[in-house]
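Here come two complexes built around chain A, the first alongside chain B, the second alongside chain C.
After this line comes the complex of A and B, so read on.
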């Protein structure tokens, strides 16, 4: 069986839970049917397993180096990416008119997740390219699309996202990179960018940097920020390559994980000759970026889910094979050791992983379907509801999987014991890789503030009401099914708890520091409720499957759901108590007391 | 300020909380006073900071290598260890008659923890030596002590513990290494040992392996296991070195962390010429080993606590210095960014770390005082109580710090954001190092079974009763103090909960699988209660300090205690509910359902 994502489960999530097949009825995806989705996903499984997974450990152990002139990357990366590009994976979700496969975002995310699970270090290059190209798709001019986006879809150019600076990580309003307008309509870019993944390499003909900068004279803060496309090599009007641009690799960052994706510090315009081109309107750079933010954050959650998922499958395979110890009460030392999956505590660790990663993945894929429905769905009147759901779920889809996917990897290591701690098995690498996800694309602390400070309050709390109505709807329907009525009741009570907590918080709405003090607890609370909802929905979908041929699969879903409802959902009660009483244990702590 | 352990806090824990100074009244430590303890601890701070911390990152990045002939280790390790040996740290807790400093175990653990925090890779070598020497101290003959232990205390010989084998990690009863008696009273050893830290190197004149093996004809299981001393180089009667022994380095294990301590696979007797010597009685090998188990497990908990502690201090230092973002409600982008310690969520992450690591360290040091009191304390009538406390607290002192110390490191990374994820800062290394602690010296799953299956049941549950009586005593005394009466009440209620849970579990005592199914939950529950107890005791001790000059220190202890009681202790309620209802969510999960 695949050690990336259980194919039966991915199939179940896409078609049985999320009914992605029905997207083929929409005009955007009219060229597709379930068979073409399955064929592309199958091809992704094969390439991920045959072309990506094999060199993941070697790439991790031999991270890119910079000799002062060039960046060196082990050759397997270029080989894998050539095959990836040849198969058209760079453009799975892009419009056919630009050379893409024009598949639903949901399907493209499922595909991406297989490459993530196999080898995030290698997959990072095309993922950044897709992100840069997608930004141009949404905010670029037609000429910019032709000049930069199409070559990225073709895999000739790769891309980057240049947001952070050394002094401005989470606080983009403080970036200092400047853009001076030139007579020819271009801009001279000067500044330093930090944490730029895939910022320099020789894997592609060109690198297209999407750069946030301030046009001279722009106001301070986020409203003064514009977006620029800044190519490593200038591109002539006919698409041919011109002279190099003034961009210098100042150094590499060396990370705990994600080691295969070269991470750089870039200096733009050290010699005053860095040419950039405005994308969209001046001062609208962050707005353009934020337009993509939901997708970027869902993608992080997806990545975190599947790094956890692959770790789960590796530890499951090990637990089935490894004999050690005997059942409690078996005192005969001559008896044969049993596979460790027979031990209750190992089963607990495996089931916890299953509950986390299958729950997290279902949430991220669900959010991806919201993106598709919003952009291409036929029901125009439903868009406000979909937008509300996507807005309020995005910080949860980013943060919850990145926290609990990592916990899953932690448990995966523990199942293997000492072996899990060695680099002979992929568990420790997955764990190191996954540790990035609570940090990038907005730390989970930022997500918590986004959720409670913005998403819960905007439009008089409409988005939260929409979400809770959805969840209550699921609970109400499940209440009529005796097999899951207990869970239905618990989920309904959990929605009540969310309402009480949110109401209690509202009392402090005019004291921002107090209102937001426990935002992380609120995020964890609502995340648990949302994942419980996803689990109940999964069980409902599983119960519609053939209960004979799929008996084990269905039983596994039921048991994982029960596990989540019994072991993870009840933790919302202590969280709710803290939130309701505006617990100030952390807020009241003074810096000098530490 | 030190970034290893806050010196004021270590001082507070040793003298104000645990009253270690009073040990100098006992005959064993009559040569010492508080000043000598402080002088040795000061010297340890200096050497740990000046001689160990500096090369920790370099050693981590340049782990030992094996060229087929020799193991290569960066030279800074030998230099640091020479200074360590010169200062007498190898023998801090050993009797003066064997060349040791004869200090309390508690003080020796405080000293060790500084070297752990500075550089566990380098510190691993002397720690294993101390462990091997200590085993000989307890179960070796006088001749063996002179021949092997004294040179270890002198730092001329290093040591190892050879327990695990590739097929037998947690299940020592299944080890296969054989020992064939020879006419001269020695044994021929044949077998393979796995995960042997410091198993081969050239840092010392000799390596003394303490090896578990079965004498030919011994019974299966743990009762057939004997202990042998097997030197790398034979030692003549006069102490001079003889010819090499038949021990071959079969390979190195490459770990996620602890990279500096070479970890080996050793083959004993490939050529039938490996000479070993029985230590203690035949068939009593594990008994001898288990005699040391409490100390070994406390040492693991201590190590986990201080890896977490050092990470906490590093992230605290960063948070005080790093400007980023503005307080909630401050919308002016021209305003200056504030140090991130001003953000409520950063304070939460720092205070969580403080609550975990200072709580964990206090528990481990408290357990160390139990070891001292048991071995050297004057109150002979009190030994049964001390032994009960030590027995029941040991699995908690091993598991709780190793789980929550790691969580502290996780939060430390998060405080630094992207920087915390790079190898430029020590956070990610501390996190990787600390991930071993839930695994070795018995996984935390094994600790849970030890706690619930053995420690809670033995002697009709006497040890638990003793512990709960101690905790209730603290709660009762605290109830009279209005400043902490709330916590006192909560702690008393928590003891009631432990009693109810234990009583409910007892109903399943004759069904071992069911009784032990949720042992890990029980461990977490009792661990939270014990750490809450430690926190209340810390606040009581802090309130006896000068409330003016120490106002900030005391306020920090109070706030961390409050934080633990509000945020961590209440989680016992959902755990108790699961335990009381014998929740079988994990136990009922069938292997084929995964």
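After this line comes the complex of A and C, so read on.
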């Protein structure tokens, strides 16, 4: 049994719930069929399990080091990445014309999630590379694509995203890195960048940094920020490598988890010889980045879901095998101890994990299908609805899985008891790895503000209306099915609650601080409703499966759905009460009172 | 030379097999299926021969249900040039499989038939040997190293006493053991290309073979659960317990 993602479940989510097979009818994916997707995902399982999972613990225990000259990374990483590149995984979602396989984003995310679950530390390098390459695909010039993106798809160059600086993390408007225009059209880059994952290593011929900087004379704030491609080693016009590009590794950050992906502090242009090239238009750097933001945030949610998922499977396997204790009422000390899964409270912890991670994964994959439908779907008239759905769901797909995936890991540790607290078992590592996800790619607090402050209000609340209409549609259809009518009713009532809460919040729309004070509660509330929606849809899809041969799988889905509706969805009520009364417990608290 | 490789669709080696409640077999519903790992080693051997120029053509064959096409596509992604699918929904026992393979062998006239030493579903370890016998060809089983030299092959075999090297005349049947090689990871572009390679499908009847069921499975049961151990105070107690159980 796989300990990454249950293959039956992944297959169910992709084909039975999300009908990804139908994407092959679109011209962009006409070359593919379901068998190809399955074979490719199979190949990913294989490499993730055989080539990535094996050294995850060793890499975590032996994180990359810097001796002042070079970064040292255990050799298994390079071996695994060579196999990854050689197998063609770097280019799964890229267009065929650039050497990619032109797979749907949804399939490429499913593939990525397997490598994440197996070994996030090693997988971080190619993920950052595809992100950098994807940014060039969207906003780069043709020459930049050929010079930097294609070698990244080929796996010869790796990539990074250089946004944060020591003084400016979440607040990118405050970055100070400068770009001085040169006569030849290039720019001299000077500045310091912080938290740069995969910023320095010897795993690839070159490293392509995508850098945010201010062109000399540009205005303050976010509008003055431009995007640059800055290679570690200069690339000549013919593609050959030139001299170094004056980028210095100032030091490494030492993280709680995610340790295999080296995290760096980089100095650009200490000697005034760091050459960068403008990508897209001046002053449009953040716009370019934000274009990728939906996908990046979905990917974070996906990663959080599957780190939680893998922890769930590890704790499930343990619970099935670990004999300990006897059933309540069994007083005979000579009787056999039972596997701990026989204890109801252990099943509670396993079921909670299942409800969180399978729910979260379905939401992220659903969002990925929205990306595919928007970019390649045949129904052009439907794009506004799809865009609205994607916009409003993105902060939820980032924040909810990263909060509840982590809770799942916490429960996974608890299932293992003392062993879960040791480094001999992977649970504590998965927890530490997953702890990054509520922080990066916009903290969960920022996601909440994005949701309530922007997504809920934009276009007179159109996106929220679109989402709620979708959810209500599911509830209405489910109401006719006696097996799930209770859930349907509860979901319909939850939508009513969202409407009431949103309406009540609007009263404070003129006072931004008051309006946004409880944004996190709002995100949690809407997140629970959305995950409940996903669970109801999963059960609807599961009921279409063969009810005899797949009886256990279907029953498991039903039970997890019931669990979510009975124990997680009702939690929106106290949240709603706080939101409706504009509870000011946190807002009114004064800094000096602490 | 022309190389034929036979591959079988089996329950994936990662799956924990569950016996059906009524003892009529194991539960295969919704269970992940893969190419038999020993057959993957045979595939890898064939593809390495192709890479080295020893083999000009590699033909993958399978006997199984429509879904076994997945395993043939894997074989094609490995690097087989074409494939033959003998379709059947019946359970195929080793002798029938051997008859089918012998027939295909006569039709295709390869220099060597490579196949896994056994399939991990029933672990019969018979098909390769039976095929060689039916064809009256030399056989080299449990190969952990193979060297081709003209019309001969030198094969190192894994036997109970260690390793044994024998020489066989070609054509021959060679069955592959674990240490022969490490199968490659499939490349995604090769998976795409495999879709365009030809698969020749036929039925067992097309080959003029009757499926012979010679073996009847009367019951399938999981291994008995192990009884918990007992701590003994001393050797005397141990001996007397063993005597009680009739062990000494």
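Operating definition for what follows: the second predicted complex is superposed on the first by the 594 of 594 C-alpha atoms of A that agree within 3 Å, B and C clash if a C-alpha of one lies under 4 Å from a C-alpha of the other, contacts with A are read in each partner's own complex, and residues count from 1 in each chain.
Note that a residue touches a chain if its C-beta (ideal position, glycine included) is under 8 Å from a C-beta of that chain, and two chains touch if they have at least 3 such contacts.
Bear in mind the structure is a predicted one, so any value in this text is a computation, not a measurement.
Looking at the shared chain after the overlay, A:141 reaches neither chain B nor chain C. In the superposition on chain A, A:36 contacts chain C only, with no contact to chain B. Contact with neither chain B nor chain C is seen for A:62 once the two complexes are overlaid on the shared chain. By the touch criterion stated above, A:570 is placed in contact with chain B alone, chain C being left untouched.
Residues 553 of chain A lie at the contact with chain B in one complex and at the contact with chain C in the other. Chain A contributes residues 1-2, 7-8, 31-33, 35-36, 38-40, 42-43, 46-47, 49-51, 83, 86-89, 92, 101, 336, 546, 549-550, 553 to its touches with chain C in the complex.
Contacts from chain C toward chain A in the complex involve residues 14-16, 29-30, 32, 34, 69-70, 73-74, 77, 185-189, 191-192, 194-195, 228.
Those residues of chain B lying in contact with chain A across their complex are 164, 167-171, 173-174, 194-195, 219-224, 253-257, 316, 320, 323-329, 333-334, 337, 339, 341-352, 354, 410, 413-414, 417-418, 420-424, 428, 431-432, 435-436, 438-440, 443-445, 448-449, 453, 512-513, 515-520, 552-553, 555-556, 559, 562-563, 566-567, 570-571, 573-574, 577-578, 583, 585-594.
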